[in-house]
């Protein structure tokens, strides 16, 4: 395993050691170890089917909603193993927010979508809720577009707006980590660039892990890039190094488009 | 714009509510399992002492104890077979029309509406219709033919629906391959689509038979509450009391001294028949799944 | 019922029938000229008509039932040929609680109220239990429990109504009467509604399971990714999102309950005594006692009295009017499910 070598001032937020993932008899990830630093953007790239989305979903254990899965090894957030018996999965998911591949707003109003999370944790006071909703929408660069139609249904928004709404929704519960699973794959270039700008602003206060199939996007938005292939980590380094002087031949072949 | 974002902590109540509701949902589901076991258990337990070869093979008594249910068993089977014989062609035809000819427009929506309405029509209403048309207007009185025709009305929407759904599930490629060989539409339906859909339709047919077997409201008013004294009596013009009607009639009429026992035994026989049918459907289903895997 | 996929044989055959031209052999000289016989072509053309006739038969049945029930049911209110009975006014039938056919009084309000009461009570039990069981099967139960529940529901829906009736009569009624009523008879709304609830639960369960299973997985994941507990995601996202289809499930359950005749007839007591109880009662809450007092519904009254009346008599006509009412109600309910379905797409 190859790790980045630059002196890093930010602490390690997520650490993965010798992790394996299987779904029934099928092994999807194996022998993974890497560190993710706080207030940095880490991009995960690789050909489809390499397990990068699966890897992402291990950080908030969301794959457990749909199926019986088996995770081995060790994943820690701030030094605490998130697969340990005593951990509260629900609280973990509050701390580790997620934005999905396709925008998935609830069939409710814009306001109710953002207020959904705080309400889960018992926030009832209207003024507090209003404040949280506005704050989250501003952080997601959506406030000015929707402030006059907060009561309208979220399903009437454009795809890009819906995705930023989902980001606002995730931000409203004040997460420490934001997982983004190909957040722009369903969006047009303009909406994509808005989301990319947003990622740059959000990393001031958040740890961001983004899975993307778009290498230019990884180059634009991330500080670190990890390259996955067939369920294994091939190389992880500072993004500029991965894209200029990768140490593994396979990485170079992939980013120059020779396979994948 | 800097809002003091509260610290979001998962409250104890939310944890407790989650635990509680998981428990409640499990409890509700298990209640239904318990209800079914209790139900079948009670019916079989009550009927067990009565169930013997004599009960199944004797003619019923009108005033004395010790009667059997031989003609009712025959009538139940006879009426199910006759009613399926009437409703199968109609249901198949209508199902084929809806799946293959009606297109996607208004006509199909209207047909679906009619099928759903017929499926939702209470059997007592079908009974009234059968009574007016077959029993009175046609002058057929309470008879096997009045009963079979009215019972067919109950089956038609189910068979139509199951035919339509099964035909729609036939892979498009199969139909296209048949057309590609120059088959006509009718040939494609009869030789490719229907055989593929046959297992689904068959399963639906068994379930329909089960429903017709248990039906009582319709038959009280069309096939009557008397069974022929001959056995076996294949005539369509005689009254034909079935097991379910017999069960209801002896209970509410009250002239038989052993009405209770007769009813319990009849109920047990019906439950056993339905359990068998259900098992049959399951076996067929499993066989199909194994074959298509 | 599951929604059919949007495929049709008709769509596959667009562009006409692939019929070969006479005398032209597609494979060139030497190969036999395959063509459909005249008979096959005729069959193809006429089969269409045959299938159409079957469909029209169903449409005709809907109209036919309406027509025949109306000729008999409306005879209670309109002078009609062959009618030996008295002509009644709508109000003395539908708005009166006075049912004494032998004294020529035909108020059916007690039966309408009875039908609504017993159906409402049954739905009160079956709707929440059915929807929760649906969400349990679709979103919570492990695979073995899911299979078990499906089998249980299949069996419950297959049990004939007379067997439900005999169970109510020989097990539930004695049990209730012994435990709570100091051996007084227990016939009435409560036990009827309980039996009915079990009878309609499979309908509600199977439709609501479908409703929850057809929701996009992203909704559930989205809610849980924000830190919803299992129940919070169900209560705040999944149930609201599935609402139109859940309501449809309840309407169809209601339809089944209101039309059920035999099982209810065996346990309800078949005499609207509860009306007199409510009217004459001096205590402040007679409702609880009314639940265990004999009652009657539209369907049970039909089963009970139709065999004893002569065709064309006033009494007989009023009974058919009750049947007509039930049929019209079915149509209204089915149209209501259409409305609900349309709301879903908006």
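Letters are used for the chains, namely A, B and C, taken in the order the chains are written, and counting of residues starts over at 1 for each.
In the analysis below, contacts are C-beta pairs under 8 Å (C-beta built on N, C-alpha and C of every residue); 3 or more make two chains touch, one makes a residue touch a chain.
Here the structure is a predicted model, which means the values were calculated and not measured.
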Innermost chain, where centres are averages of C-alpha coordinates: C
Chain whose Cα centroid lies at the greatest distance from that of subunit C: A
Geometric centre distance via CA averages, subunit C-subunit B, whole Å: 14
Euclidean distance of C-alpha centroids - subunit A vs subunit B, Å: 52
Subunit A-subunit C separation of Cα centroids, rounded to whole Å: 48
Sequence positions of subunit B contacting 2 or more other chains: 8, 10, 14-15, 18
Residue numbers of subunit A (touch at least two other chains): 90-91, 94, 117, 120-121, 173
Contacts with two or more other chains, residues of subunit C listed in rising order: 227, 229, 232
Subunit B to subunit C touching residues, read off their complex: 8, 10, 14-15, 17-18, 21-22, 24-26, 28-29, 31-33, 35-36, 39-40, 42-43, 46, 89-94, 96-104, 110-111, 113-118, 120-126, 128-129, 131-133, 136, 153, 156-157, 160-161, 164-165, 167-170, 172, 175-176, 179-180, 182-189, 193, 207, 210-211, 213-217, 220-221, 244-245, 247-248, 251-252, 260, 263-264, 267, 270-271, 274-275, 277-278, 282
Residue ranges of subunit C touching subunit A (in the complex, touch as defined): 216-229, 232, 236-237, 240-241
Footprint of subunit A on subunit B - complex, ascending: 1-11, 13-15, 18
Residues of subunit A that touch subunit B when the two form their complex: 88, 90-91, 94, 117-118, 120-123, 128, 131-132, 134-135, 138, 173-174
Subunit C residues touching subunit B - in the complex, by the definition given at the top: 1-2, 4-13, 17-20, 34, 36, 40-41, 43-44, 47-48, 50-55, 57-59, 61-62, 64-65, 68-69, 71-72, 129, 132-133, 135-137, 140-141, 145, 148-149, 151-156, 158-163, 165-167, 169-171, 198, 201, 227, 229-232, 234-235, 252, 255-256, 258-262, 265-266, 299, 302-303, 306-307, 311, 320, 323, 326-327, 330-331, 333-334, 337-338
